[in-house]
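Take a look at this one; I'll ask things after.
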């Protein structure tokens, strides 16, 4: 009897594991979709809590919703620990920590109440926003972007270095030129470098602007140089994706050794040298 | 006699259908061009109606023009119903609804007059602006863009997800850092997330700006990260279009050896040298 | 004697024509470079004339410089008419009109003096700025960009249409939402459409900003949609240039018929069918 | 004895040269990393010196750190002169001048003190920021960007010319239209051209904005035209990088039949099937 019970529990655990951790089965997919909605709505609730006007009226409803979502995430977290084949590895993994942070701060916040708006409790309240990171696990194709970024990591670093170099030099020049004006906003080099980065990236808030003719001239030069530099990283990722696509496109496998990715006009396999004419 | 009449009517209906629904015949093209001009001018009239200074002087002319365009669109709508082979399908289609909305609100507005500026009538007045959607049907190549967007739909979704993820995390951080400043504009998380999106997309209105050194530092990091993420979707659509172009260029096979990928002006196969004229 | 004179004049005219109209000879190149400097400096002079502080001090020098440049451009214009094989065709051509407008307004302005700052004279003074168009004729590679733009003309039109469509719809929505706010800057649809275009293109001046939560939400949606649409034209021109490059790359000519632009693995000429093995 | 000493010194000089000038050996790499950190921290120190609030508290620590970094850069500079095979060539090279400017201004500044904030000393203080240029020598891949920019130098020049052309014409128009408004910021053509460049590059600070309907219309046209022009240089660099990549992929020829364009992992020629191992 006891062994049977154990077996039943084991089989339930295995079935739950498939639903919660895998997305291949229909139930697994449904679980993913429901969880995505819960995360999205939960973030909306935390966002609305901070709006001044709305908070007074709807605070009760928001509080109840927050309780519900915290409950769901807590149950999900406990089930994941129970189902997982290697619970410790899950708990210490990135997603394990994110899952814990999705429910833990809520309890602390609900315990202390919304009264103490600043300090540690305020930080904990906002920590709930990081539930958005739970989504990464459930959105298909998120790794495609991550992969693309990781593959061109080195080149992106060099690009950031180029922007920083330009920003430091242009920022220092702007600080030297504009810093002497009476009502200047270029009061320090860090602020001037911030101005340079905001300009090079074409954001241009307008909270800091050049007041002298020379300052405007340097700004113009800086923006145009930034344009030439910025065209490069766009090209990096584009060419990276075209290469990935090309490898996909020549997807015929060699009939002998099964290697993929031949050029479209290949007659012989490039790895084993056997004829590839059968494939046509 | 009656049958002849019917036949004549039928033939007229068919000819009208060719002019109104198809753009291949010269008359069909002329109809399209005239209609495009009417839509454009009609939108201009609705736009100018809302300008304070101009309205007083030209209001009479604008009113008359509005009557004329409404008349044209009404006749066009009725003719389309009469000509269409499946009138019900047309009426319930996207373009059918747009065509109805292009003339119906005008009557309600002209009935109530320009006096009641706000409320339902105001909404109806502005609904006339959606006449611009009628254009989609008449601009060649509009589907090319739509196709391109639809084909890379999934990847664009992932890209939007990446921007939202970054905006939610950076927005929350900015709210935590800047929200405590006395004259802050970061009064709620929704506003902070709006700030983050406006910054990441390099719009940068400047209505909300960081006031603290740390806030400016986070903003800089956020903008640069956004830059790396945004380079990706540009690459997506580019590579998509290059693939489409390549397929166009290389679709004919050699009738002798079956090799694909010839240049558009090829008369002889580049691999076996046999003539390729059969394909034309 | 007279015929000799005529011949000498004719030969001088021909030599001058080579220098002024062609850029192949060393003298022709030198002429181009000198003229480019004159145009650039002349524009600088006209620009500096409008600066309030500088004008008082340097006005005399600027006036003298302006006389010199006007003289140079007048002599150049007269020489061009004299040298040209088809003077009438040159005078009525785009560059002929630009060359005339580069010297004519200066005389009118110098005649009336700098006193009457506004009105027709002011317009004529500013017309001298269009001397910049003279440059197009002398900058190598300017046609490369023009060609690229002309070749993808249709697609760019469709892209502008897409932006306008989005701007009209989003602008109308913003006018409806924000127009009711007390201190709104969304006072008319044209202004709202201007706001929408400035936002979609990520310029974002910040002179008009959303004040309501809903307005900010619509703005966010509009910006993100604009991003997806804008990725397309970038792709258009990129793919166009890659295609041009690819044709350049396979630049081996057929040994029999001399046709260029074969694919890299071509064994037989695609136009005459003869073997191309000699080229390796 | 003396010869041995000389030999020892010579060998030490050679070993130091390998560490300081080359980055292949482990010690050379370590030297590079340490120097990069020193440069970065040194720049941070100079930046923080200009911040008003921080300076008072931490000025003593910053001064000590500045002494340390200046000492390190001085020793590095002297060692480089001593180690270099051609000291004069190093001293007069770009990196030699940058290395000198990294330590020299610090001595002048420390001698005069932080008291005289403006004038020559202020310029010298800021000159220390150019230490950032020392980094170029030590960051791998920085030349990749430089190479890419240099290779498409001509096309980038043409692109800048196109932007300037558009900016000059649009700026003049804006000056003519907006310059007559009472509270205009379009007070001169240089300012209007600055506005045009800031708009075309989508920076859009918002310190200068159109006030008239016509001014806003011209601005809209200018931005959209700029968009079409700006799509071109992005394409230029992208296509340049794709070409570089393709050359990397396809440079080995088959030793038997001479066909090029094999994939990087090819062991057998895809056209004749013979082994390609000889090439490695």
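As written, the chain order gives the labels A, B, C and D, with residue 1 at the start of each chain.
In the analysis below, a contact is a pair of C-beta atoms (placed from the backbone, for glycine too) under 8 Å apart; a residue touches a chain by one contact, two chains touch by 3 or more.
Per UniProt, the chains are A, B, C, D = Ion transporter.
All of these numbers come straight from a predicted model, not from anything done at the bench.
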(message) Of the chain pairs A-B and A-C, which one is connected by the greater count of C-beta contacts?
(response) A-B
(request) With over half of the numbers shared counting as same, classify the chain C/chain D interface as same or different. (result) different
(request) Please pick, from B-C, B-D or A-C, the pair whose interface repeats that of A-D, with more than half of the contact pairs identical by residue number. (result) B-C
(request) For chain A and chain C, let me know how many angstrom lie between their CA-based centres, rounded off. (result) 41
(request) State, to the nearest whole Å, the distance from the C-alpha centre of chain A to the C-alpha centre of chain B. (result) 29
(request) Give me the residues of chain B that touch two or more other chains. (result) 51, 190, 202-206, 213, 234, 236, 238-239, 242, 261, 271
(request) Under the touch definition given earlier, write down the residues of chain C that touch chain A in their complex. (result) 51, 202, 204-206, 213, 234, 238, 265
(request) Flag every residue of chain B that touches chain C in the complex, lowest number first. (result) 43, 46-48, 50-52, 118, 122-123, 126, 129-130, 132-133, 135-136, 139-142, 144-145, 148-149, 156, 160, 163, 190-191, 194, 197-198, 201-207, 230, 233-234, 236-242, 245, 261-263, 265-276
(message) Using the touch definition from the top, list the residues of chain A that touch chain D in their complex.
(response) 154-155, 157-159, 161-162, 164-165, 168-169, 172, 175-176, 180, 187-190, 193, 199, 202-206, 209, 213, 216-217, 219-220, 223-224, 227-229, 231-232, 234-236, 238-239, 242-243, 261-263, 265-275
